[in-house]
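The structure is given below, and queries will be raised subsequently.
All chains are identified by letter, namely A, B, C and D, in their written order; residue positions are counted from 1 within each chain.
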Amino acid sequence: MSPTIDSTIPDLQVINAVVTRSDLELFEPVSFNCTRGQVIHMVGQNGVGKTTLMRSICGFRVLHSGQILWDNKDIEKNKNFYLNSAYLGHRDAHSPLQTAWESLHFYQQLYTPGANKGDIDPLLNKLDLLAQADVSVDHLSFGQKRKLAIARLLLSERKLWLLDEPFSGVDRAGRELIENIFVQHISSMGMIVLTNHGRLQNSQLLGCVSELELFQHNIMLKEL
Amino acid sequence: MNVLLKFYHRLGSPREFYKISSALIPWLGWTSLILILLASYLGLVVAPSDYQQGDSYRIIYVHVPSAWLSMFIYVVLAVSAAIGLIWRMKMAYVIMICSAAPGAWFTMVALITGSLWGKPMWGTWWEWDARLTSELLLMFLYIGIIALYNSFDERRVAEKSTAILAIVGVINVPIIHYSVEWWNTLHQGSTVMRADGPAMDVRMLWPLLIMAFGFNLYYGLTLMQRARNQVLVQEARSSWVQSLVTEREQQ
Amino acid sequence: MTSTLYRLFLRDCKHHLRKQSDILNPLCFFVIICSLFPLGLSADRELLNTIGGGVIWVSVLLSMMMGLNQIFRDDYEAGVLEQFLFTHTTLTQVALAKIAAFWCLSALPMIILAPVMGTAYHLNGDQILVLMMGLTLGTPTLALLGSIGAALTLNLKNGGVLLAILILPLFAPVLIFGAGMVSAVGMGLPVNAQLSLLGALMFGSLSLAPFATSFALKNSLDY
Amino acid sequence: MNFADFFAMGGYAWYVWPSWLLTAFILLWNVIAPQRKHRQLLQQLRTQTKREHLKRARQSNRSQSP
């Protein structure tokens, strides 16, 4: 399923990971590899634990069992992993007290301290948010906040993108825009692990998507 | 030395802990009972009455051991919290949280018996004496730990947060104690509980030490019992609990 | 490295200034509490002078408690807090920047207001001076210890009340030394013992508290 | 050693005995409550495992029979 794994290129390995919520295992052990230029599309019914697994991959949550490796090293306290990946969760990480432009400027200084302020406006333009540059994040619509979060991802210039339902609340035009951005990211040898309800439309993107199904963990089933 | 290490590792696994605690409980139970009864008899009957306070000082045999024990339990709680955080041992967290309840109970006993003793000696039910005040603040620390632990729904997160609070608390307990001591001497001069110092008559001192030792064993007993229950709750889904339950049924 | 700390500090100050209520509410709370006690007791000069230091210190404690509840909550709920893990800045720096911003915008105004409250309680000149010195040395400790509690009760529904239960026992030493100084000066006693102890508490918590706070913050992201 | 003096406790009976009785009560309570909870837990776990066996038995013969 995954192209030949070149050992030199760092990739993400998840080896039979199991996550629990209040001591109950959520899904069957999950294993997958994500290498350059590949998209892992996690699917599964609501509540099976996609978000929980995503947060475990980011290291916020400790796995019940199994391992997550980056460059064949465990991700726990692995600064190299954190500096090569970016996370977009349900909360789109923009403080409501700032305007769109200020928020992106803050992240730009955080990711690359020396970067010049000039290239924030073209970025906003790329996601057609330029009109909202000086609007406080509080007054943006849910879809616009999502696109602003995608803009933050582009600012971070990271290899591995971990996205939790990136399209939620985004209109069709915005969705196409974001899928194009994904295609550019993949073509420049980036990696994406995303969860999404519904199918991806962009044909180029579908070329390198491998689907990952999460099955509800059921003690009865386990015995059979 | 490796016998101790092996024992320490065996304590680490919940299943082993359950077996060890089940074995220990009857022993701890009987020895602590004998010690406490002996100390009570010595303290109430044999020990001479104090020339100044008459027989009211006999409350010391209950007040001082529970005060000492409430401090000791908080230290045990903080040490097991540190072990839990550093070596990520599940059982350390179990010991931590199962010591919180007895700790709070003994602090309450120390406070109530302290005020009962204060009435005849100082004339009021509550006296802002240094020891009683720091005992009161220790009570608040225990309440904080129990309240924090129970306010999380995910046990894993609750354990780590409570461990942090326990360690921050244990660093502050001596600071609180000495600042209250200093504050008390500033305002009122020291009201030394004369019968408290080691200069006591030896017949008065022995029951106190036996009672303190009995209380410590008693703490071990109630800790083992509560930890055993906590292990059963946490490991309810594991296979060894299910086999234990079915095998115990055939007995 | 310190430039990130400074930049975070400026950003947090801007946030606090944008959301006026975060600063003004605790300040008004402080003034109101101070002015309630004479109503409850009596306006007798002698009495007010003796209880003045203690009342002002307890009101500072309580109003800081109100502000502490919010210092991490905005960034936590917006999701900014978890993004710091993906950058070079550690959570300890984030915690330090937020505590410094909180101290500047909630404790400093109270220290400036303290003389006004002091005169309301008929404290004489030395007492007011000593009160302000005590507050400047004591409130950082309150902010540092309080930030641990704030980080611990971050993702809890009843966080506010719980924060008070967890943290107030730890504030006792600072209160004892701070209020003790004011009454000591009233009786003409030297206060350098209390001052040095407050300083020791400040530097002790300055060196230990941020690490506990960053660990608690990391733990509160674990949902 | 008559009992009257002993109980009188030199006039402080109303302070010594309540504190001793309170301690005795708390000590007993902190032993009996966990013991009762332990028995109750075992009982609860027993019914749970029995219920699970039943469900599994029904599930396995249901999947074999059709």
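Convention: a contact is a pair of C-beta atoms (placed from the backbone, for glycine too) under 8 Å apart; a residue touches a chain by one contact, two chains touch by 3 or more.
Only a predicted model underlies this, so the values are computations on that prediction, with no experimental measurement involved.
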Set A-C beside B-D; more C-beta pairs touch across B-D
So the chain most remote from chain D by C-alpha centre is A
Between chain D and chain A, distance of the C-alpha-averaged centres to the nearest whole Å: 50
Taking each chain's centre as the mean position of its Cα atoms, how many Å separate chain A from chain C? 38
Chain B and chain D, separation of their C-alpha mean positions in angstrom: 19
Go ahead and note the Å separation of the Cα centroids belonging to chain B and chain C. 32
Touching two or more other chains, which residues of chain B qualify? 154, 156
Among all residues of chain C, which ones touch two or more of the remaining chains? 222-223
Which residues does chain D have that touch at least 2 chains other than itself? none
In the complex, chain B touches chain D at residues 29, 36, 40, 44-45, 49, 54-56, 58-59, 62-63, 66, 101-102, 105, 108-109, 112-113, 116-117, 119-120, 218, 221-222, 225-226, 228-229, 232-233, 236, 241-242, 245-246, 248-249
Sites on chain B touched by chain C in the complex: 137, 140-141, 143-144, 147-148, 151-152, 154, 156-157, 160-161, 164-165, 167-169, 171-172, 175-176, 179-180, 182-183, 186
Hey, which residues of chain A end up touching chain C in the complex? 55, 58-62, 82-83, 85-87, 89-98, 106-107, 109-111, 113, 156, 158
Residues of chain C touching chain A in the complex: 3-4, 7, 11, 14-15, 18-19, 74-75, 77-80, 82-89, 221-223
Interfacial residue positions of chain C with respect to chain B in the complex: 145, 148, 152-153, 156-158, 162, 165-166, 168-170, 172-173, 176-177, 180, 184, 197, 201, 208, 212, 215-216, 219-220, 222-223
